[in-house]
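Each of the two complexes below includes chain A, the first together with chain B, the second together with chain C.
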Partner chain A sequence: MLAMYREVIRIRFLMMLAYRVNYYSGIIIYSINIGAYVFLWQAVYSGKPSLEGFSVIQMSTYIAISWMARAFYYNNLDREIAEEIRDGSVAIQIIRPYNYLMVKVFQGFGEGLFRLLLFSIPGMVIVSFIYPIQLTTDPSVWIQFFISLLFGFIVNVEVNLIVGLFAFFLLNNQGILWAKRFLVDLLSGLIIPISFFPEVFQKIFAFLPFQAISYIPSVTLVKGLDISKWLPAMGIQFAWSIILALLCWGIWVKARKTLIVQGG
Partner chain B sequence: MAQLQIFTQYLKQYLKARLAYRLDLVVKFITDLISQSFNLIFILVVFGHTQTLGGWNQSEVVFIYGYFLLPWAIFGTFFNLWSFNDKYIIKGELDRVLTRPVHSLLQVIMESMTPESLLGVVTGLIVMGYGASGLDLQWTWYDPILLILFTIGGVLVYAGIFIALTSISLYTDSKTDIQPIVFNVSNYGRYPVNIFNRIVQFVLTWMLPFAFVGFYPASFLLDRGDWRIYAYLTPVVGIVYFAIAVLLWNRGIRHYRGAGN
Partner chain C sequence: MNAIEAEKLTKEFQIYQSRKGLTGAFRDLFNRNYRSIRAVNEVNISIPKGEMVGYIGENGAGKSTTIKMLTGILQPSSGELKVNGFDPHNQREEFVKTIGVVFGQRSQLWWDIAVQESFTLLQKVYRVDNKKLLDRMIDVLNIGELLDQPVRKLSLGQRMRCELVASLIHQPSLLFLDEPTIGLDVLVKENIRQFLREMNQEFGTTILLTTHDLTDIEALCSRVIMLDKGNIIYDGGLTQLKQEWGEGKKIHLELDQEVSLEHLGKVTETLPVSWTKNEANAKLFTAQLQGNSITASEVLSLLVTSGVPIHEMQIQEVSTEEIVRKIYQEG
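Moving on to the complex of A and B:
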């Protein structure tokens, strides 16, 4: 069973490797986006030593790390699922002797692993030459960060699965996929760290799963959270990954019953 | 005149096709609104932590963003060239276009326009209004005329840059990723350029002149004279970039050999 999923990861990794040239431009695009926000925030700080507990350097580092982490956790599983439902190939997938959702998760992981090695890490090196950022050298912080990042990936994958599965009920959800992308980018703290939002919004966001995707891992690395603060943060990520997994499963069971293969 | 007739025919066909999937249309409106309101939220949140951004207050930055939406929406309506390479070169649709007696670029534009994006103009005007409500702006009789001229200039800048990049496909059939890269640079144009460093400012003014799409004209309408000359240059820059793009396109069409069968 595990060997099979390992194979899924390997194959997706190799598939991505075949198109690796596409990723050089991706690194440039991310660097451009990081630049825009670094400049904007520098103008916001304009002399102030710190805002909401972030110094200027920490802010730049936060932006850089959250964009490069996005390269790792971001995937189009929602679109893949929606398309497979649209063209009917999901029917074949369901009768195969594996769990459709788990295969998707591991495909996403293979993709993420590829991007981490060939996008995020070289991208981070390039970005740290261009912009004033400061990365910690404390190995324990890095370990905390990678554990947190993995949970960020899991929560994001689960959100994607749920949105993708809605195609079962709506049959056409291109717009929802777009809206979801914007929503995740904003509410996960990618563009604005959660602590910069007005109080009311922070309280609402605390009840949403999105901060577990980007904000928690990035803060973990930038601030070097000590264990007493890190464990509760991990608890939030862990809780969301369980809750969303159950939700996924529920929707999946219900969706299979209502499956109508278009044009089938 | 004949061109105009063809244009209205295309528009009618397009609307028929779109209205067959009404829900899609609604969804498109909503997603456009969401992406625009998120940019606005970003501005508002940022100004929760500072009074000015490079010397510009919240209302002014909102106004600049609102103004930027006008050329952006018009550009998005008529110049959806993103999938040109796939659709026209790899699938060979361009061969069909070239057998017809209307200019090839015009046909491609008409076939890929999305009139529903024009709603962005309304959103832009509302955002501008919201920004202006916090400011004491003195508008003269010629300001609306300049607004229209600037907007056309901005559209031409955008169109010029992306038509030029699209015509690369006519010279080589391998895919390039330069379009999305430049597209991301264009986002810089909706913020005051003086917050960026000198190199970025230079690029945004003279190489990929996206500052002419949003910031320069908007700063003029805000009665901030520091960039007056740049604002006046907007239509000129637009015409120059557009003209170069059309030349590149025409040359590319002559050069075009097709991607085989």
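Moving on to the complex of A and C:
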């Protein structure tokens, strides 16, 4: 079982390597994004030492970290699933003795791991030379961050699976995929930290799973949450991973029953 | 225990019909018309282990739907189904370990990576490590040189041979082939057929073959199941099929000199034979033998003894293709 998932991850590595151009262009796009947001926020601060509890340095660090974290948790599983359902190749997946969703999760994990090791970490070193950011040297904060990041990945993958599986019922869910991508970037705190939103929105967001994807891990690293604050944050992430996992499972079971294999 | 045992297997689909024109499209937004279609209608199939069976029918007859139910992809609407002793849809994960599937129009190899990586992953997926069998399949199908190439660079024939290996990597006792030779050249076809025969003889692999290429069926299968509009219209041996539906043989003659049709008709009036004359060449005639009661030699001996000057002759058997065309047309 484990050997199989390890192999799935390995194959994903190979596939990522097969498309080198994507890899290189990814580095450039991410650096540009980080740069753009860092300068934008510097303009917003315009000399003020801090806003909503973020100093300028913390803000730059937050941006760099959340984009690098995004490289890890981001994947196109939703699009892949929708595509496989649309062209009918999901049939091939169903005649294999494995759990389709689990394999997808590990494919996403392989992709994330690849980007974390070959993209985020080297990228972070480069970015730290160019932009004014400050990373903690406290190993316990880093451990907290990586645990939180892993949960962020799980929640995001589950959101992707659910959105992808909608294709079983809609057969074409391109619009939903686009809307989802934008929503996740906005509501997860990637573009604007959650604490910058008006009070009302913050209260609403507290009931949504998105901040568990990016905001919680990034804040964990930037602000170095102490255990009494960190554990409840973990609790939120953990709760969402369970709730969404159950939801995924339910949709999958239902989807298998209504499956129509399109074409051929 | 039979490899496949299906009783009153039925699949119904809900299809929505779009209304005509722009106003129709707007109405479709709020209220859709559904219509239910029976793709497979109370079909009974029973296939013993080790048999090679051809499954044929026109496009849209319900072949693929049946295969998808038999492989556990689709859930039957009603009916009993046991394949290899499992309920394919509800016991999916265990069941699929015992079958292999090749979809001619769909690849099960990973498109962007080398063929052998796909094989390694499949070995892990099925938890097998049978290097000997794999090497042999690679050898017989002659794909050793393709192993380190990405699948997207393979030609159709090369890919299909790799697909076959992939589907048999776990040595399944039952193999489904959905148009495996579509678009392949003669040599590759022959290679694949030879390989399938070997697998069948050596491991007793049961094979259910869907195809439009009837030469595949003639080369491999002793039994044919024919489907039309969701119903089985024939299930039995290939030879019986020919006897039941075969129009009888044809004899093409080239004579040394022109003879009238009436004369030939008179000579063979004791036999159920009808003559036609070639429009372009007055020396060419065709005798259509009705049924299977008479032989070509009876006709020929009558012709020879009554002095018809035969220059050249050719006896034409009815091809399966012709029989099937006839069945399709007559429904």
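Structure notes:
Definition applied: the second predicted complex is superposed on the first by the 261 of 264 C-alpha atoms of A that agree within 3 Å, B and C clash if a C-alpha of one lies under 4 Å from a C-alpha of the other, contacts with A are read in each partner's own complex, and residues count from 1 in each chain.
We adopt the following convention: contacts are C-beta pairs under 8 Å (C-beta built on N, C-alpha and C of every residue); 3 or more make two chains touch, one makes a residue touch a chain.
The model shown is predicted, which means the values in this text are computed figures rather than measured ones.
In the superposed pair of complexes, A:Trp142 makes contact with neither chain B nor chain C. In the overlay built on the shared chain, the residue A:Ala18 is in contact with chain C alone; chain B does not reach it.
By the touch criterion defined above, A:Trp178 reaches chain B but does not reach chain C. Contacts of A:Ser46 after superposition on the shared chain: chain B is touched, whereas chain C is not. Comparing chain B with chain C, more residues of chain A are touched by B. Legend: residue contacts after superposition of the two complexes on their common chain; A:Ile32 is shown touching chain B, with no touch to chain C.
When the two complexes are superposed on chain A, none of the residues of chain A touches both chain B and chain C.
Contacts from chain A toward chain C in the complex involve residues 3-4, 6-8, 11, 14-15, 18-19, 88-89, 91-92, 94-99, 256-257, 259-261, 264. Every residue of chain B that touches chain A in the complex is listed here, in rising order: 21, 23-24, 27-28, 30-31, 34-35, 38, 41-42, 45-46, 48-50, 52-54, 177-178, 180-181, 184-185, 187-188, 191, 195-197, 200.
Contact residues of chain C toward chain A in the complex are 13, 64, 68, 71-75, 92-94, 96-97, 99, 101, 103, 105-108, 110, 112-113, 117, 120-121, 124-127, 150, 178. Against chain B, in their complex, chain A makes its touches with residues 22, 24-25, 28-29, 32-33, 35-36, 39-40, 42-46, 48, 51-52, 172, 174-176, 178-179, 182-183, 185-186, 191-192, 196-198.
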